[in-house]
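Consider the two complexes below, in which subunit A is the common component and subunit B and subunit C are the respective partners.
Showing the complex of A and B:
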């Protein structure tokens, strides 16, 4: 199978399902197809795409980042607690500090995981608790101050028709698609997820690449936290909590296998759309928000059942007997 | 993923001390914490406060039974928090404060917990989904079910019987729940050490291939571990309702983290196959003591969360180490 075919296999089913749901929604509910609703959708899926890409990168190396929720929360409260509100200095700080905070969170994770050889799961769970505590110290209750104009810019448009969220997520998406497909770093990420020992023995600096991946994950978490602060015009220490599960769900629906080494960010936009559209449809059907937890869980399990069977999405092999039983 | 890892030349605690010595050390830490608490605040090591600490530790200890079993198979259960909340909310709804409803409500809660645990187990074994995400997804499912049936505003009351279990004392001083926990611990320790299921659990976690080749039905062993975990979480949630009398939707939130922390502090290896429940008991008591000490020292909620995270990080550096690469 060539790289191109593998790529197609990865994202064609995701986008096919996305189109199916999207067109179905448009037929059932014509208001769904309006430009306003679509702009609203762009805004909703932007943080999902950003954290989905972050989680995908980590999962590709065979790890997991459970501290993403905390890096979103921490950068979010810091963005809302910056000094010099309503001055240009605040806006500059708002643009620079949150991603840097996230980057530091990620660097610490990566450093502990690689230096000690500890399981990423427990390290990120523990560091997530620590950073969540720090966020609660900084801002015990939702609140804080965001400079005027930031909210308008985040949800605004460029040249009066291009929504800013669309530009943000497309930029992040194409950046990481290029990084994964065209750079040595990207190839190393796949190599480590495929087989860490072989990657190490072929001269890949496994630890550095891993630290880099966790740092990027934290930085993207910071970016998402910053975006959310602008969107909600305030800070909330617990804003990131749902994104732990959401980021894993988007990564998995987008076609990245949890065993590492297969997948990518190609399917992320489709994955985020599928995830968000289900919420929107449930809202349109006036189903209580409580059902969304159930829907989220079920969709994630379904997506996992399909992707866990092998490389990418292969519906045919889902119910076949596993060849390697240690995959349990 | 690559599993075989070269041990570091540097020694870690398990290389230096036998398992029994580590457990002894953990209980020594418990004693030291009580003494330092007494120094900070008079009455910390009084009989009634020790009883109160053990009572709080019981709720955690019961959840951690299931978590220990799951971690021994090499898995992890992130759905215990939501299942605790479910048990807590549903038991109050079922009981409605009446003793007449005791038997069926408690059985229903155990079965519900077990059902969700079994879903976890089947997903992990038959669908081959990684335990981490499977239990995270089921956790979301359970939260949804709890919210739907309680409409976001839990109603009902714990029955006088359950209330007695949660707050009552035997012989005036010993909390009933601590006695229950002690009895349960004895059963679990005997089962892990001496029963066929216990041995299969360790085999499965230590070397799944060897376990399969020697005829262990690993899927069954794992699924049973997850369903027990669900059942214990639900029971613990129900007992918490006995303690607080009414249900609370956020009650289980921190317990996912705490149960894992108790297991890690207790020295059970997250890769599976090594460890046991005795260590977890010490882990649960240490965690509750830490919370209590920090509360006595007037540390805010945020500081206690940080302490939880730090203690896990410190314990994993004590327990294992691997050479860095590149």
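Showing the complex of A and C:
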């Protein structure tokens, strides 16, 4: 099996399911296929894609980032606490500070995890709790303000046509697709997730790469928090909470194996869409909340069964030797 | 060029390395010149691997000096050693199965472009030319995980060569290889030698060591026993130096069971991958060996007996009674045990204790009111540890702290716990030292004498000849050889393993 074949196997199922759900929705509910609804979808999906990419990077190294919610929340409340009078200086401030805040959250995680040798699950759970507390201290209730200019831009269009959220998520997606595929950093991420000892003995600076991965994850959390502040025109310390587990779900549906080393961000857009479309459709169909949860859970498991079958082979092979490999 | 630089590439003097009080390496001198293959042999735990890890900068020596090209050096990590052009082909392959061949080869030394992006064309070109240099042609974009073991080994060698290493350590490279694959590897080694590289070769297969080496160093208990030119050793003197025992003591006396002895186990089925019918039986007191080139269906056949599939219209009889074995649990209930080949992946639970490992498959046997009787458990474990003479400090010791040989005994012990009637051993002495081999052979013979049907699959020719009463040879899913008694010779086995005569079809083998 070559890399190309593996990649096809990774993302074809995700996008097939996405198309299936999308087309199904268009048939069942004609209003679904309107431009407005699609722009609405772009907007809702952007933070999901950004954090999905963040989580994928971390999971690829064999770790996990449960502090993503807190880095979103913290950067979100800080963005909403910045001066909100339209001026070039303020806009630059709004653009720079939240991602930096997220970056710091991630750097701290990375340092504690690599220097202390602690499990990422617990370290990020703990740091997530700390930063959530700090966010609540800064902004106890949802509120704050974002300057009108910024809020207008985030939800606006370029050339009166291209929605800004679409551009944002495409930019982030292609950036990280390139980082993973075409940089030494990206390939090292896979190597570490595959086997940390081997990676180290092959001369990869494992700690540095891992710190980098958590820092990027935090920074992307900050970016998502910033985007959400512009979208909602205010700050909310708990805005990031649902993204903690949703980011993991999106990463896994997108084809990244929880045991690390396989997957990537190719499937992320499909994964995020599957996730978000379910909400959208169920709302359009006016399904009651109880059934919405049940339906969502069931569809997620079904999607997982199809998209992450590659990860399942690993588990099976511990008992049954991979005979096919010898036959090849 | 090689002839201009000093001939002695590496010199290690008085190396000492202790772990928690035990001296793993105790004042060892070792050297290697350009264009020389210097082998390092010794039992497991003799300190070979530790010595090489000191060389690679993975362990810092407590005392002693390392001179490379005449200059003293000290490596803080493998990256530093690699920069000094020392390369290691590890025993457990250090490749990442999920990455491509090209990625594995350039890993850690990624070729970059001016823009900071990876230069895939160069990575591809580099790996293709390196692999071609050692006579292998693989698409560099193939995932390593989908390659057979022998090719992975070649990729591993390619990885080391890509770093332009001058001194290359081969740490048991032949363990996973079949005989003709070993031949290919040796051609590569000889070629590297011609190119003036220094090669350190570690192996448990002494015939290989004697065939390839210029010099041989024997280690025992962390100390250097002897260093001499390969010509001055024979297999016997090597073993004597390693263990202080003679060869004739290694293999136990065969039982010499007769053809009309009672049939304990019989097999008849069609192998799925090759769609060939295979039938055979095991007689009382007999050790049945499976030989032939690697991947000719032996593994599928033996796994099928343990209920792991791979065989159609399978009919198994134990003691004349047909048994249905659809999965490993049914297999175990019918008294079938399979000791897997890959003990690290399938045999032991590394972080669980010796006791927990030994009892893992028989927990149900020692329950009262749903609770495990711990005193009973501890007693049977003590018995098994004694029976197999597993060297442990405590029953509560984690399995990963045991040496390779003791770990293998642990795996075997786990399966003997439920008194199986059929025991299948896959490569039972892979990567195990001579003394442990001897104990395992004796155990195999004991089992056969107790009336257990014993089947052994091994790629070690000496083992087939020395241990088995009868050897079945397979080629492309067919049974092409059935050798017994004095007919079990290396020549006959090789002949049968390339033959295409179907003995089952010709009804010559039952």
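Operating definition for what follows: the second predicted complex is superposed on the first by the 286 of 328 C-alpha atoms of A that agree within 3 Å, B and C clash if a C-alpha of one lies under 4 Å from a C-alpha of the other, contacts with A are read in each partner's own complex, and residues count from 1 in each chain.
Just so we're on the same page, a contact is a pair of C-beta atoms (placed from the backbone, for glycine too) under 8 Å apart; a residue touches a chain by one contact, two chains touch by 3 or more.
What you are looking at is a predicted structure, and each value in this text was computed from that prediction instead of being measured.
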Once the structures are superposed on A, label A:24 by its partner contacts, choosing first (subunit B), second (subunit C), both or neither.
-> neither
Looking at the overlay, does A:204 come into contact with subunit B only (first), subunit C only (second), both, or neither?
-> both
Compare subunit B and subunit C by how many residues of subunit A each one touches, and report the one with more.
-> B
Regarding the shared-chain residue A:184, is it in contact with subunit B (first), subunit C (second), both, or neither?
-> second
Which partner does A:196 contact after superposing on A: first (subunit B), second (subunit C), both, neither?
-> first
When the two structures are overlaid on chain A, which partner does A:64 contact: first (subunit B), second (subunit C), both, or neither?
-> first
Doubly contacted subunit A residues - partners subunit C and subunit B | 193, 195, 200, 204, 325-328
Where on subunit C does subunit A make contact in their complex?
-> 58, 78-79, 82, 90, 94-100, 103, 107-110, 112, 116-118, 120, 139, 141-143, 145-148, 159, 273, 295, 299-300, 303, 308-310, 328, 342, 345-346
Please give the residue numbers of subunit A that touch subunit B in the complex, ascending.
-> 62, 64, 112, 114-119, 121-123, 125-137, 140, 193, 195-197, 200, 204-209, 244-245, 248-249, 252, 258-260, 288, 290-298, 300-301, 304-305, 308-309, 322, 325-328
List of subunit B residues in touch with subunit A within their complex | 1-2, 4-5, 8, 76, 123-125, 127-130, 132-134, 136-145, 147-148, 151-152, 208-209, 212, 218-219, 222, 257, 260, 264, 270-271, 300-310, 312-313, 316-317, 320-326
So in the complex, which bits of subunit A are touching subunit C?
-> 1-4, 6, 178, 182-184, 186-187, 190-191, 193-195, 198-204, 261-262, 318-321, 323, 325-328
